[in-house]
Amino acid sequence: MEVLASGIGEYRQPDPDGFREYVRTHKERRLVSKVMTEQEAVSRFVQDGDYLAYDQNVAVRGPTSLFREIIRQRKKNLWIAAKFTWTDASMLVAGGCVSKIDVGWMETGKVINEAIQKGEIKLIEWSNGALAYRHLAGALGVPFLPMRYLVGTDTFTQSGAKVIEDPYTGQRICLVPALNPDVSIIHVHQCDVYGNARVMGAGVAPMEIAMSSMKLILSTEEIIDQQAIRRQPQRTTIPYYLVDAVVVAPFGSYPGSTPGLYGADIEHWLEFAGAQMQGKTDEYLEKWVFSVASHEEMLDKRVGAKKLLQLRQAETIREGYYE
Amino acid sequence: MEVLASGIGEYRQPDPDGFREYVRTHKERRLVSKVMTEQEAVSRFVQDGDYLAYDQNVAVRGPTSLFREIIRQRKKNLWIAAKFTWTDASMLVAGGCVSKIDVGWMETGKVINEAIQKGEIKLIEWSNGALAYRHLAGALGVPFLPMRYLVGTDTFTQSGAKVIEDPYTGQRICLVPALNPDVSIIHVHQCDVYGNARVMGAGVAPMEIAMSSMKLILSTEEIIDQQAIRRQPQRTTIPYYLVDAVVVAPFGSYPGSTPGLYGADIEHWLEFAGAQMQGKTDEYLEKWVFSVASHEEMLDKRVGAKKLLQLRQAETIREGYYE
Amino acid sequence: MSETLTFTDVEANICTIAHLIEEDKLYFVQMAGAPLMAVLLAKRTRVPAVGYVVEEGAIAPDPVFPLPRMMLGASRSHYRAVAWTGMNIVDAHAALGFMDYGLLACLQIDKFGNFNSTFTGGSYEQPERRFGGAGGANEIASQCWRTLLMTKLQRRKFVNKLDFMSSPGFLDGTPGARERAGLPANTGPYKVITQEAIFGFDDQTRQMRLIAMMPWVTEEEVLSKMEFEPLIADQVERMEPPTEEELAIIRAEIDPGGLTVSRGEWFTIDSESGQRVG
Amino acid sequence: MSETLTFTDVEANICTIAHLIEEDKLYFVQMAGAPLMAVLLAKRTRVPAVGYVVEEGAIAPDPVFPLPRMMLGASRSHYRAVAWTGMNIVDAHAALGFMDYGLLACLQIDKFGNFNSTFTGGSYEQPERRFGGAGGANEIASQCWRTLLMTKLQRRKFVNKLDFMSSPGFLDGTPGARERAGLPANTGPYKVITQEAIFGFDDQTRQMRLIAMMPWVTEEEVLSKMEFEPLIADQVERMEPPTEEELAIIRAEIDPGGLTVSRGEWFTIDSESGQRVG
């Protein structure tokens, strides 16, 4: 197999048969409740050294309560996919959880810059679309997918993409390896106790990420009855057998927004931005993560009902989501 | 590029850049009404020799009124994709419209068997999934996709699939060429005049077929207001810029069912089956296609209001579709 | 005088497969017909929560019994699914290893479980009789962990050489043949169910092996209905014939029109002894 | 005494791009910020029906003006789209050739329109300053027919050599360079928009060419803000500065918080002459 060009970026070797074997022996096919606490879900399904993926970002429908629990449990050496994100990576890096980042787009303030300079994290270049597409490859159960971009650039060189001669057209075609995370976390609007889940709105790639992951934790704004799921099967984004854990997490994207439900807390972000600029992210994490035992306690003691009600009122659009 | 094995089946060489050039010069990006008669749509967008694809089949949500118009206009030498179908191919072959069939699954009665024996049609073997997946390749704008099946069988040998060594795993991997039909016809539950369309229910591959086609004709049970589309963006299966023609065709799947709206006319199918067995498909086509000028006239003169009302009443399930 | 029970070969197959369905497994079921009816019978009688998917993309539907005549129309067979997706999605779920069992009917089968649904007689270009094609069977038989195949026990179906290998069994039967071809590892046909016998496959030689028979047939009778000679299990079990209750459910609730189940060979057995009386 | 008008470089860019938006074309717009604001301004002023898609998968949204502060939250920016899909879908629409124009901001650009959004200074492993990465720009700049790039006219942005080529322009500028690399045919950067000048690209040499300037600047001033020397059009046009009406719409309806548009260099011009007075 002649490869015409190869990026030098590190990637996990795709292993479709290994993935299948994991699914065969570990995934539950029965309709059983997977509801558990965030503590249990992260403790059982996120291991040090795991490749961790997620859908969306800390601004919109990110699984932010689970990010905090991962930091709280001091998970180490995670390899994350930062595609179409914001301060997600900075927060996890500040928490000491990350050693490698596949970059699509991420905020790169002091935290990321210093971690690079100290050699604490290693970056590999892709793009938002290339990472979403690698999840699609993983979701289809194939080792790679061909695509029409990345080539020609330094981004290609620092990625794990390859170029071959397309056996159909004879032209050069770029291939990217499947991305099959060890674990993914996705925040959803609604799901039943079995994990049949609805994501509302333009969603980046929730289905592809769910399908491509070995382990899958959902956090959800609310649990709905299974018959409600079955009455509108077209609204289901993720079917139950892909899911390992369901964590009930109202305001789970806080300080981000969950479209149709609540707005973002801009002041909170300014607090993080300020902490980052002043080198005080430890204090930020102490306040928002370590000094509270759970997402619920954080909402209760750090955010407060008044703020939650304001954020709920700030989202006036339900059309398209719940209507 | 070393190819380890190749099927001998004929296929159109994938041409992603040619497709792009067609899109650039022919597809309308403005929001303009595309409503036209079936006569105009088929006359303008279906040419002799075209590769014609469609979603679903004559049993469920097939674009059957457009099949009849294609026969009525005596289109010739079409190459069709018969995946997950029933008597669709037999009907088009009986109408003299078809010279090649990519086979997933189709009913093969007297019409197909005789046409093969007379050398009037040429078959190429795929499978339902392989054809849907070839549309996916076409929809992604890439020349091929890798997959984990077809290999090892005579189906592979009679297909256009290839086997290469996967540059990532070193293992053998099957590739199938993108399927980008010249024209596709899809029957939808609802769309606006611009072509923003909703398909309800498990749908085989309407989105993939729409995206992969150079020309696209929709027939629709009803036109709805554009603001209705915009109020529920998540329900849109096909966005306007993929669409070339919108044909209003209530009961457009007749004698098949459109789920949530009307049931199938079993007697009609028995009539076709009888005609086929007795070698009288010409009479069948005269009655149902040639002797009426349009779908509307067929419904009015051949089916009748009483039968239409019965078929409507026979579908008692709206849950999940309209509720 | 004891009671008798009358049923067709298709009904026998449906009941036998229904006995094999396990509630903690996920099934990928061919479009319609007998394989789907077998899952529905199991769901109705023994394993109400069992999940299955169908090619068009409906996941774990929960039809309400009795089903209408012919089950035509997706709204009936997809009722109360947990998700309505599309063919590429459910095929991908199979590729990812989520489908424990594929459930398929076939036309012709060889001793390695390879099967034909494309044509019989003549050549590919000029077949004596052309059939539907590989359909969804190729992806199901390739990607599910185990495949359950149903067919009729007849010499023209259990053949030495297929007219066409539409979908893969163990290919040439050599160790690792499927993996070498590029198919997912450790997959393959699991059982072949017929009206009078069940076959498994030898782990080493990958050859078909007779493992169970209906109470009224002998090994000789089974072998007389096959072109090739299968291996024979040390202990050939006796199959449970359909019960009156199962047949009543099939006829009243699953295929009330009888369009699928009323065709084929008819059997009449003595309910008590299980012996054939007609 | 005549009226004056005061605006930022970002506001100038937004207005200039808004003038270029054509109603019969489809736009693929970067996540947020100035490129999106330019489309919104065009939609609000000249081309209400223009279609655009965003990376997350919203197709042809129709936000209601005035927009809320910061436009944060997908529900605002995706409002009344004709479809909500996902990133792989809209990227595929771009791959298929449906996107006439990509609209992007960049950090550093070279004379062939290649650009950097990854890091500046130092090496890839030890950059002086790390930025966000290729983001969605690589797929947009590769797959849209034409790319409109916006940046600031500054020497450190118009460079002889990029620190990192995140996304492709005309690569090394040789004929067919993009096609040889494997990119879709006949695509590439189209215009580069800055606060004081617009550049196009020569069809043959693929080099950047100065084609228009704001009324108050000279060629020399433009060249002094670039590390490399661009080609100069035979006839360098004069750009239309922002109008009072456009600025009012931006500030009141598009970015009422001013978080994007109020930063950067400030310009004060004489409304009548278009000359800079501060």
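A few comments on the model shown:
The chains carry the letters A, B, C and D, assigned in the order they are written, with residues numbered from 1 in each.
What we mean here is this: contacts are C-beta pairs under 8 Å (C-beta built on N, C-alpha and C of every residue); 3 or more make two chains touch, one makes a residue touch a chain.
The structure displayed is predicted, hence computed values, not measured ones.
Note on connectivity: the fewest chain-to-chain touch steps from subunit A to subunit D number 1.
As a whole-number value, the distance joining the C-alpha centres of subunit C and subunit D reads 60 Å.
Distance between chain centres (mean CA atoms), subunit B to subunit C: 29 Å.
Subunit A and subunit C have Cα centroids separated by 41 Å. Counting partner chains per residue, subunit D shows two or more touched chains at residues 58, 78, 80-81, 84, 88, 95, 143, 184.
In subunit B, the residues that reach two or more other chains under the touch definition are 16, 140-142, 147-148, 171, 173, 201-202, 207, 231, 233-234, 319-320. Because contacts link the chains in a way that matches no line, ring, star or complete pattern, their graph is best described as other. The set of touching chain pairs reads A-B, A-C, A-D, B-C, B-D, using the touch definition from the header. For subunit A in complex with subunit D, the residues that touch the partner chain are 59-61, 82, 84, 103-108, 112-113, 116-117, 123, 125-130, 132-133, 136, 147-155, 158, 163, 171-174, 201-208, 257, 259-260, 263-264, 266, 315, 317, 319-321.
If you check the complex, the residues on subunit D that touch subunit A are 31, 54-58, 70, 72-76, 78-81, 84-88, 91, 95, 114, 118, 124, 126-127, 129-139, 142-143, 162, 164-168, 171, 177-178, 180-184.
Interface residues of subunit B facing subunit D in the complex, by the touch rule stated above, are 16-17, 19-24, 27, 29-31, 139-142, 194, 196, 207, 211, 226-227, 229-231, 233-234, 236, 239-242. Residues 1-3, 13-16, 140-148, 162, 164-171, 173, 175, 177-178, 200-202, 231-235, 319-320, 323 of subunit A are the ones that touch subunit B when the two sit in their complex.
On the side of subunit C, the complex with subunit A involves touching residues 23-26, 49, 51, 58-60, 62, 78, 80-85, 88-89, 92-98, 100, 143, 145, 184-186.
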